[in-house]
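Presented sequentially are two complexes of chain A, the first with chain B as partner and the second with chain C.
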Partner chain A sequence: MRKKLLLAVGLLLAGLALALSGTEVMQKVAAQPRPTTMHGKMEMRLVDKHGRELTRVLETWSKQEGDVEKKLIKFLAPADVKGTSFLVISRNGQDEMKLYLPALKRVRRIAGGQKKGSFMGSDFSYDDISNLGKIEVDDYENKLLREEELNGAKTYVVEARPKAGVDSSYDKQILWVRADDFVPVQIEFYQKGKLVKVMTLDQVQKFAGGKYLMPTHMVMENVKSKHKTELTMSDLELDVDIPDSVFSERFMKR
Partner chain B sequence: MEPLSRYATKHPWVVIAFFLAITLALGAGLPHLRFDNSPESFVPPDLPTKVLLDEVRDTFGGGDMALAALEGDVWTVPHLEALRAITDELSEIDGVLQVTSLANAKRMEEDNGFLVVEDLLPDDLTPADLPRLRSYVESEPLYDGRLVSRDGHYAAVIIDVDAGVDALAFNRAVNKVLRAHWDGPVYLSGTPALSGYILQTLQHDLPLQMLLAVLFIGLVLFLNFRSGRGVFLPLLTVLVALVWSLGLGGWLGFELGSISSILPVVVLAVGSSFTLHVLNRFYHELADARSRNEAIILAVRETGLGVLVSALAAGAGLAALYSSSIPQIKFFGVLAAFGVLVAFLAATLLAPALLTLMKNPRRLPDPDRPDAISRFMAQIAQFLARHKVAVLLTALLFFGLMAFFATRVQVETSFVSYFPKSSPPRVATELVDRVFGGSDTLTLVVDGDLKDPKLLEAIYAFEQQAKQVDGVGSAVSIADLLREINKALTGSFGLPDSRDGVAQELLLFQMSSDPEDLNRFITEDASEAQITVQLQSLSTTRLKQVTEELTGLAQKLIAPHAEKVRFTGTSVLLLEVMRLIIHDQYVSLALALVLVAFFNALLLRSWRIGLIGILPLVLTIAGQFGLMGLLGLPLDTATALIAAIAIGVGDYSVHIIVRYLEELRHGASPESAAATSLRVSGRAVFYTALAIGGGFMALLFSGFAPIQTFAKLMGFTVGATALFALSVLPAALLLWLRRYQGNGKKEAGNA
Partner chain C sequence: MKRILVLLVAFGLAAAEGVDIGGSVKSNFGVRFSDLGVLEQSAALELNFKYDLADASLFASASLSPAGARLGETGATLYLGDFDLSAGNLLLSSGRTDLFSPLDAFNPRDLSVPLNKPSEQKIPVWALALNYYVADTQISLFASPTFTPSRPPAGLWAVPAHLPPGVIEVETSVPAQTIDNAVVGGRVSSTFAVLDGLDVGATAIYGFTPFPQAKGMTYLSSKDTDANPANGPFRLELGYDRRFLLGADFALAFSIPDVVEGLILRGEGAYAFLPDSAGNNPFAANPWAEGVLELEYTWPADGPHLIALFDTRWEKADAPAPDQLIPRLGAMVNYDYGERLSLSAAWLQNLHDGSGLLRPALSYTFADGVTGELGLHWLYGSAASQFGVWSQNSGLSASLTYSF
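Here is the complex of A and B:
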């Protein structure tokens, strides 16, 4: 009953917009402009179910040039991991990863297969983070489930299932996509039919005079362990010039 | 007592309706009766070790450990794939927190200049991968001998199970998964698995034991009365008592465990003696040519006092178990005491009401025609009159001797000791002990700066020394994990030499797995860590020594670098249970004896009688413990009850005393009073002992070793109490109670 009512109201208000299919919604999400470079700080707050927490601060640089994506992450805090840095250079989907641990004073090459692993020891995986930046719409079967009001904003609720042959960490994702600007604000991740994680993107800011919409605060909660990670972005600089020397072993050790 | 029995003969239907109504009301609680035999059912919830264990489980997300050993050549593709399927499916079972096996182990090593952190088993496993996998696993102290046996013939699946899990359902589900995928033999051990086996045995044993008890008691009743109603009436009264007591347990939400499962047999055996006494007297009165109703009233009046005293004593002995700190024993005590008192009510109300409605039996025993047993009793009486002092001195000697042997009694609380040697759970546990170093765990909680390399080195040193202790399988902590990471990073096992190094390696580990994986070893803020020590299934005595040794090591090695080191774990909990059992023994024993003496004294109106009356009990209890010490039978959760139950079943003395006093009051000499008492009441005591003993023999068919031991001891107990009641007691009466004492009250028989 409530669904029907919502649907009727949605029809009235949204008019043609309702005609969107799940795939169209996701295409609009993917069509959002992305900056070519990005530099900023990321605060990562890890909280366990008892409320015990740990905060890490990282500085990140990233650059997209054609099929090559470069990313450098450096820990600023806590003091005992300060200087630990992580470099990823992706060429046509092939990742080259390097790690520098200051205590060992050595750069180590890391083998691939990390994508499903934890991003910097958080509840986010590498996949979760990189899918924020770009979504391969064609890899998924997208289905519009319903429209619904979430935190005062109208959203499309889309179910995305990876197509056969696509390597994905999850067998289903449900996304709440804001109808007005096509920014996903909540994502549920399912494995073996069970909800495992929920991500909320509760702060989305405009940059470069409204050209870019970037999430600046997001929370990922592990449903089973009740462990959660809060990411807060700050000092974001978009489309600034970042020299290639940043993505090097020398810079890692600096 | 008399007004009640009068009422029962006048309005039998009212009494029957009353019993029927309550039986139906309480009986409706039977389906609510639940079973639970988790370690928690033995442990008081506010015990400090228990509180710490709950805290540790909460902090590190662990539970109880179960371990499945799978037999077969592990290093083949089909077996590793089966292991993968098993690992996946076990994780889906209710109450399973985590499953660890080769199938989800990680490979972390230096490979062609790359640091590799990935799943050990590749998604597309081929025979070509096997040699590399095997040599890697054999070089990993965390895996070799833990997840796969050193000879490669057994794979281990370690299952972390929520402590509150339904053990029976868990066992069923796990066995189903194992059998579906593994073609060789499988062995399941560990506390959750043993709890499951225990519950399984329990539900199988309970109906069987009740049936056997009814059969044995019925047989003895038939031997005594040689009539259908002599069998039917006592059995009916105890079945009513059983329904009331189990039904009440159901309504109150009590849970039966391995120990409390003896409840039905206790109620059946103890309760049946009450109606036996009443009925015996009824037949005697009928034979004396009384009318039916007169005979009923007289029977209740004359035996009523004795039955009341023994019911109160039995109730007190059992209710004294309520002082136990062990939840399961507490519930058992309350329900058994209630059941016994109901059996008493049924014997003095329901049985008379039913008798009123029945025709008189055609054949009556001749009270003056002595049978073999009463003739034998008369001979005893003659012997006692001449040798009373010698008998008492022998009793004293017996007491001293048994008290000496009692000091040798060993305590045993380990779950595996429940099972006979060749039973599957025992075989599985012994195999897992031998191949994988055990499925019991002990946890050390270390508080301090866990990034301090000195503390980590100390923890590692502790683990190395702990592994040398006989009975310890392995020890795992954050220190081992760090050594692995360090090896992958630098090529050699070792711990980082600085706080920063530790922090950075921990970060690397967190980056290469789920963040909560690290939380199983150490808290997010690195202020608390747990060391999991794997133990073989040890006897309680050995476990105590091992725990003491480990405590010593931890104090010497870890404590100087940490803020706090604490021990906990299921095995430590069971050690606490042992301490409580011993402590409870003294309390409940003393309490029960005082209560029995008190009831005897109160109802027979003399302290001297009260004290003489408990003589057979004191001797029997000394005998029980002496026998346990002599034969090496352990004091465990079941045998801990025997003293209390001895008091419940064994208060025959009161019938002898009541009759002796009755005769004295009528002016008989002490010698002839003792002779009459033995001849008349002695016969009833003999059959009561036989009925109760027969009832307890049903427990010999239990699937649990402690219950079997208990049944054997009860055999001794019933016999010994009867023997002492028929020998030492009359001797004591002859020596110390030669004049009628009852505060001048003439109708001592009329309570």
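Here is the complex of A and C:
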């Protein structure tokens, strides 16, 4: 009996020693190697609760240089929005966002409310799109809620709340992070304490000989409206040379 | 014929690999409330193609409608290091404000249907444009060797002409297509890290007034019936004066901490130097100045998007009449209800003459590239006012567009 008790205490202590905190889980997520540049195509399929679909096809370029992150998105389809482009330059947490509308032949600065609004009718906001794959561990209070199995994989469930003064579209996110490779596979987004959207990253592929793990298919679903947006990445090129001139008003118009 | 040929060439090139071809089919129908008459019925096919090479792109567009074929923006751009050089039938843009943009004055306008979207009213002109990019600054120089006049409101939108007593003929002289009548301009714009971001620009355009104005009266002795030259008859001669337009614009993104986030303040100011600065010569155009301020805000979480604007235009009058100051207020609101339905409304109020325009509309995306629009336009004010002159044309319009 005493032996069993000692064994149980021993296992519990070993378990405690091995368990990670929420911050540690998120640090491991953030520590995943990420490409400094990325170029590829993105197909957005907007599906309403009746199953009716609209499709947008985008070409994206992104580049990370120290604290500066640049992202350019160009619409290739449908025809009525073709040529529209969206530029985000993030410096020290401040986003500079511009939109080029070919009908007007002007680049418009956009700000504020639009960042939190829908990105071209999708369930992703401008902020969601510009923050895809970006983890700022220090901006959040991270708490490990539990460990659970999701789709056959062991996951850490972490609650991330933005710290005071951090500009975030959401007051809470709950992330399911795969325990074996620390890739988030599901994220719940909360506003005013209520669950508003759920993003599922259901396809994660290895690139550059396994150096990078990148989500290539994700679904964002609006919990209330039952509307969802499927995002599929294709033709991905990582760590390719993308000149700074791509992230410019000049290239937006081209 | 030449334009149709261009269209066919565009089709032929479309078959080539790497050519991006697209276009739209659009039909419009409008009815006015005053007599339930048809205000507008049109259909048009627009074709666009673009061919991108490593350091150049070729582009062309043309539209076909029952009224005929029309060449759209067509030309080529060379990308030469920090320079872009474009040549062809071009549309250029300057300024930053939306409903009123006094600096966006390089291209003439087709105002035959004055309620069409401002972007659809621009007429491309044969021009050469050179852009130089350095850091966050863009310097542009542009020139059009010929002058193209704007098209005034036509058909049911034509404004009644008030001819001086005795005038029985009107003759309009268009500047000769010579190099000394070229339209030239330049623009500098730059971005600065001020508040949440600041863009500023300055534009100068040396061109012509977009519409003709009185240049003189000729006594037509051979047609005189009372042998009294004071009574006429006269021929009113119209012409276009040289105009030098100078102005500046800005867009500032800012927030008011703990109050409101994400405001955009845009502004434009322009002064038009014209031959008769003192207003002493009734046969020469007088200077004017215009300033526009607009504030843009989008309510968070997919709320409506609002632009409120205030525009003031000062016009030097011919002596002894007092100069005119015309303040106008406007607002545009847009709300996307999901990805298919978009509701919008525009309101303009001329505070000088009391006239205005109210224009609610909705658009619905039936499928990818298939969009329908339904809109109401209510024009009010006295018959001699800016918008009231078209009050008989208040009505309803619908359109269906397929883009491919």
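Heads up, the rule we're going with is that the second predicted complex is superposed on the first by the 224 of 254 C-alpha atoms of A that agree within 3 Å, B and C clash if a C-alpha of one lies under 4 Å from a C-alpha of the other, contacts with A are read in each partner's own complex, and residues count from 1 in each chain.
The rule we apply is simple: a residue touches a chain if its C-beta (ideal position, glycine included) is under 8 Å from a C-beta of that chain, and two chains touch if they have at least 3 such contacts.
None of these values were measured; they are calculated from a predicted model.
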Chain B and chain C placed together on chain A: clash or fit? clash
Would you check which partner chain A:Gly40 touches, where first means chain B only, second means chain C only, and both and neither mean what they say?
neither
If we overlay the two complexes on their shared chain A, which of chain B and chain C does A:Gln191 touch? Say first, second, both or neither. second
Checklist entry - In the superposed arrangement, does A:Thr55 touch chain B (first), chain C (second), both or neither? => result second
With both complexes superposed on chain A, which partner does A:Arg109 reach: first (chain B), second (chain C), both or neither?
both
Task = Could you look at A:Thr84 and tell me whether it touches chain B, chain C, both or neither (first, second, both, neither)?
result = first
Q: Applying the touch criterion given at the start, work out whether A:Arg250 contacts chain B, chain C, both or neither, answering first, second, both or neither.
A: second
- Item | Partner chain in contact with A:Leu99 - chain B first, chain C second, else both or neither | first
**OP:** Go through the superposed model and pick first if A:Asn222 touches only chain B, second if only chain C, both, or neither.
**Re:** first
Where does A:Gly121 make contact in the superposed view: on chain B (first), on chain C (second), on both, or on neither? both
Clash check vs chain B: of 4-12, 76-84, 364-372 or 382-390 in chain C, the offending stretch is 364-372
After superposition on chain A, the chain A residues reached by both chain B and chain C are 46, 48, 54, 78, 80, 103-104, 108-111, 113-114, 117-118, 120-122, 225, 227
Within their complex, chain A touches chain C through residues 46, 48, 54-55, 77-80, 82, 94, 96, 103-106, 108-118, 120-122, 191, 225, 227, 245, 248-250, 254
Chain A residues touching chain B in their complex are 46-48, 50, 52-54, 75, 78, 80-81, 84, 86, 99, 101-104, 108-111, 113-114, 117-123, 192, 222, 225, 227, 229
Seen from chain C, its contact residues with chain A in the complex are 22-24, 57, 79, 84, 91-93, 96, 117, 119, 131, 133, 138, 196-197, 199, 251, 253, 255, 260-264, 297-303, 305, 336, 338-340, 365, 367-369, 371, 401, 403-404
Residue positions on chain B within touch of chain A in the complex are 58-59, 61, 92, 111, 113-118, 451, 489-490, 496, 498-505, 507-508, 510-516, 518-519, 523-525
